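Sharing a structure, written as structure tokens. Questions coming.
A, B, C, D, E and F are the chain letters, set down in written order, and residue numbers restart from 1 in every chain.
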Amino acid sequence: MIHIFLIVCSLFTFSAHAAVQDFCVADLKGPDTPAGYTCKPAATVTVDDFVSTGLRFAGNTSNIIKAAVTPAFSAQFPGVNGLGISIARLDVAAGGVVPMHTHPGGSELLLVTQGFITAGFVSSANTVYVKTLKKGDIMVFPQGLLHFQVNAGGVTAVAFASFSSATPGLQILDFALFANDLPSKLVEATTFLDDATVKKLKAVLGGTG
Amino acid sequence: MIHIFLIVCSLFTFSAHAAVQDFCVADLKGPDTPAGYTCKPAATVTVDDFVSTGLRFAGNTSNIIKAAVTPAFSAQFPGVNGLGISIARLDVAAGGVVPMHTHPGGSELLLVTQGFITAGFVSSANTVYVKTLKKGDIMVFPQGLLHFQVNAGGVTAVAFASFSSATPGLQILDFALFANDLPSKLVEATTFLDDATVKKLKAVLGGTG
Amino acid sequence: MIHIFLIVCSLFTFSAHAAVQDFCVADLKGPDTPAGYTCKPAATVTVDDFVSTGLRFAGNTSNIIKAAVTPAFSAQFPGVNGLGISIARLDVAAGGVVPMHTHPGGSELLLVTQGFITAGFVSSANTVYVKTLKKGDIMVFPQGLLHFQVNAGGVTAVAFASFSSATPGLQILDFALFANDLPSKLVEATTFLDDATVKKLKAVLGGTG
Amino acid sequence: MIHIFLIVCSLFTFSAHAAVQDFCVADLKGPDTPAGYTCKPAATVTVDDFVSTGLRFAGNTSNIIKAAVTPAFSAQFPGVNGLGISIARLDVAAGGVVPMHTHPGGSELLLVTQGFITAGFVSSANTVYVKTLKKGDIMVFPQGLLHFQVNAGGVTAVAFASFSSATPGLQILDFALFANDLPSKLVEATTFLDDATVKKLKAVLGGTG
Amino acid sequence: MIHIFLIVCSLFTFSAHAAVQDFCVADLKGPDTPAGYTCKPAATVTVDDFVSTGLRFAGNTSNIIKAAVTPAFSAQFPGVNGLGISIARLDVAAGGVVPMHTHPGGSELLLVTQGFITAGFVSSANTVYVKTLKKGDIMVFPQGLLHFQVNAGGVTAVAFASFSSATPGLQILDFALFANDLPSKLVEATTFLDDATVKKLKAVLGGTG
Amino acid sequence: MIHIFLIVCSLFTFSAHAAVQDFCVADLKGPDTPAGYTCKPAATVTVDDFVSTGLRFAGNTSNIIKAAVTPAFSAQFPGVNGLGISIARLDVAAGGVVPMHTHPGGSELLLVTQGFITAGFVSSANTVYVKTLKKGDIMVFPQGLLHFQVNAGGVTAVAFASFSSATPGLQILDFALFANDLPSKLVEATTFLDDATVKKLKAVLGGTG
């Protein structure tokens, strides 16, 4: 039995060392790096770092887009840090829209779990790929391309979007153009939109300049 | 208007060239490479390469594990080729089990969409992380580690597992040990299982040697 | 001397084998892969595969944007295939604009070599980073984010944009939205632009639907 | 001579800056990241960070597996941090065994330097690849797949395993299943092993539950 | 309008979270990691982190090589940290030379903006690829291979070298061999250069031993 | 029993699909790609693709360097293709030398298995790291940096070098400079070696020009 515990101990010690970087639960208080957050000490990691209940409930769709996006990226779900995957919940009420947007840092795989969603993306060659999806259907959106989802039925739709990165990012077109201080003159010059349109949308979305 | 079409044409041409490798839909008849399958010619790609309806319906759980796994990896869903993401549907009937297994090529993010599932994984340090999940809960399993899912309720559970690779692979422990021609002597020597146990499971799972 | 040639021969043979994948000049007739084109046989590679004179001369800026973009990506410059770098020349006449766009596949480093350019990008947090650059100034645009360049002087400006990918891609916002068959109804729903604006720009850029 | 020192100085300064990240010797007291440990200041790095004598001597094989594994991963050999390579020494006495295990984080290349070893792995397709190796033979085990090594002669065998990661990890099957608090009920349900077998191995390996 | 601001707020909050790692401006005072420096807090980042004017002016070529290299790598240009790209300015006076060197960490794409440069590299197969370039010409040098640039005209040449890494490194052959304390005996044994040559170059370049 | 075979079959089928890219044994007759060779059909793969006996025997050291390098890279050992690891055997007779060289594509981890070797490398900061190694000692050489090995005892030394790439490449300094048609004028201008030295070494190593 002594031998047994010898080997148990020695191998345990070894495994414990070797185990470094099976995972790297984000220490959100620590510094960020190009590869993700620094790691929480392994000794303080619990199963709750790898589990989230934050997507159980519908997001609030009482807003102009009648939709809500609830992310579980590194910042909300530290267990995915460094693992190259994350997820978000989409709730899209009847008439709702997830506006034209991109994820600069990863590809998206959409799974519809309720209702009907018309989703599409545009390639660098300006080709349009659009389809109406029902419960159980999946669609993939390659990294960095403009895409959108709109409710295609009379009822609230629910979908889950997985990403090939723990921090895919999200750039919503209208917010990028109209919800900040990018001067109207530059928006107009670089989008060919007229002054009235730009000013109107800036007013709606809280942009200035 | 001529100018307009000049720019339209010239920019289109440019974009068309630049667009190479927005995506690389798998040509399943072409050769495989370490980075994935070769690409289908862009001109032959349609939206149906990026959409799959194959996960709409429950898999057949009339089997000894009372569970079914339906993958949408590159081989079943060519649109994900090279995009670093894929998905699979899990149906686990009451009393069903997705046996102990690993994905050599990627991390897994599990989303429960129906019923209750007890899921867990073991780290290189031999620490166990196990939790019972309900509808809307997510859990992440770091790459290459042994993990499992078992039905934790009286009703069929459904879940979707996303992966950080288009070809995560799947190695089911019992199949690796008992469903092939790995000699019983070697199985016993490397697992400390006794001869009777190994022979019995080989008989059940169709192994030889 | 025999020894010398022994070693010369043997080491040459070795080096020749080992040399595989110093580089992988694109065989544009071969299949594409997620990692780039297949390689031209090493024996047929010459220095001209690694050199391009295609950026010597200004592109034609007689068009509505008064600008021209001349790429040297894998498709135009096969020597960069697999090397994670490429370049493009920008010519922007007085009053010219490189419209709002993204590169889904890589970051951009802009170098101004003539004239004045006001360049900017918007982050996922919708923060605007904009600056006017003169000859010798550089600016970096992180992967996948919307950015633009406009002539900021009375004379033609020239710049060179390097990319962290041999195939960074290019998605020009107006072309993605208005130069294809994406239905106006969907464009309007996902951008909050009004019908008149969408129809007008589709007419100008050759879009339908 | 002044010119000479001008150039020497200026180029030295430049090189010193440019040199950042030739290497990143692990600061084991610093935080870990998904890409490895933070770096020791370059000024404090010495040749001994890149050299290890820890594999000179045989590990202690007086244990139930009659084998010892001595790793030189980042945690034991800080010089490999971030370089994508590491190594371990295997000592396998007559009758000894390196039990069925996986490396979640990297592929392994085994080199036998003494004696005879029968080694094998099982693929995701459950195909077995097994061979007996002698001094000077090499065998590669693809990332994340179950594999093993057993002494195949009457004398102690020695081998060195190189890995494609500085932290490949190590998950020993029996330790993952039987040397922790994973409830027997779950082990049995997910492995099809009977209660007696599970309880017996838990007793031997110090498992509970 | 309340609804509008609801959505504005909620989406802003989301975007702000999601935005993590659009970019990672180097905190040069923070620790370095295998993937680059830790990130400056996003709140402190300004456009000037993404812009550099350091390459506006010619470097000092009054030195033995009649050339100057001015880098904009992470250490000089923190905005490129983690983005996989950087740049350097080359000034090569008449008769000037950028001596034989390598970049251990990245491929180089050279753009000539003034004068004439003869550039070349040698492959692992010892094949030479050399060409004389004029204004607007580009040449790519695959990662880690020996290459050089020499002025090929009567006037000062200027070029910009882009790299596929934010920290490509630079190893100048003569400095590696003759400007440090590598013992002459070892230099001679490993380069086949005679003692007089080694001692002479060590004297010129400040080497010892 | 029918159920059993149902599940066996169904899971086998699934595994077989999912298994794609556990490994990618090089099809040396197929095209090369930036990520490695295309894959041999899985059905034709045998254990002998993963095993090599080519390093069992000493290389021929009857040559000017009194040393031999025997590689097991993708081209010689197809099983490592795409796995990010490879190995080579070094035989260095008394007085023998592995001349100054680099591996453009990977880091090296050296293991001495017989005799004594003095090994060293030079960093981008021109710092020298040199040490004499004995049997069982290991030393790591970061990617792309100049390094060397010389016999440090009266007897033949043997070592095995592992690499973090299946195709690390090898650039031997003297061969790159003197064993090809790189014009002596350019060698002299870019290395500061005198004409006599260059001409002498070109004569010895078979160079021209």
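Basically, a contact is a pair of C-beta atoms (placed from the backbone, for glycine too) under 8 Å apart; a residue touches a chain by one contact, two chains touch by 3 or more.
Nothing here was measured: the structure is a model prediction, and the numbers come from that model.
**Student:** Compare the contact pairs of B-C with each of A-B, B-D or C-F and report the one sharing over half of them by residue number.
**Tutor:** C-F
**Student:** Round to the nearest whole Å and give the separation of the Cα centres of chain D and chain E.
**Tutor:** Spacing between the chain centres: roughly 34 Å.
**Student:** Whole-Å distance, chain C centre to chain D centre, using C-alpha means?
**Tutor:** Between these chains, centre-to-centre, one finds 41 Å.
**Student:** At which residue positions does chain E touch at least two other chains?
**Tutor:** Correct list: 12, 15, 18-19, 22, 31, 33-36, 38, 104-105, 120, 123-124, 126, 130, 142-143, 145, 169-172, 175, 179, 204.
**Student:** Could you run through all the chain pairs that touch each other?
**Tutor:** Listed by label, chains in contact pair as A-B, A-C, A-D, A-E, B-C, B-D, B-F, C-E, C-F, D-E, D-F, E-F.
**Student:** Can you tell me which positions in chain E touch chain C when the two form their complex?
**Tutor:** 12, 15-16, 18-19, 22-23, 42, 46-48, 50-53, 55-57, 72, 77, 79-80, 83-87, 89, 106-109, 111, 113, 120-121, 123-126, 129-131, 133-143, 145, 160, 162-164
**Student:** Under the definition above, what is the set of chain A residues touching chain E in their complex?
**Tutor:** Touch list, chain A to chain E: 31-36, 38, 60, 62-65, 68-69, 71, 73-76, 104-105, 167-172, 175, 179, 204-206.
**Student:** For the complex, which residues does chain D have touching chain E?
**Tutor:** So the residues of chain D touching chain E come out as 3-8, 10-12, 14-15, 17-22, 24, 27, 30-31, 33-39, 81-82.
**Student:** For a test of understanding, state which residues of chain F touch chain E in their complex under the given definition.
**Tutor:** Spelled out, the residues of chain F in touch with chain E are 97-100, 102-105, 118, 120, 122-124, 126-128, 130, 142-146, 148, 150, 169-177, 179-182, 186, 189-194, 197, 201, 204.
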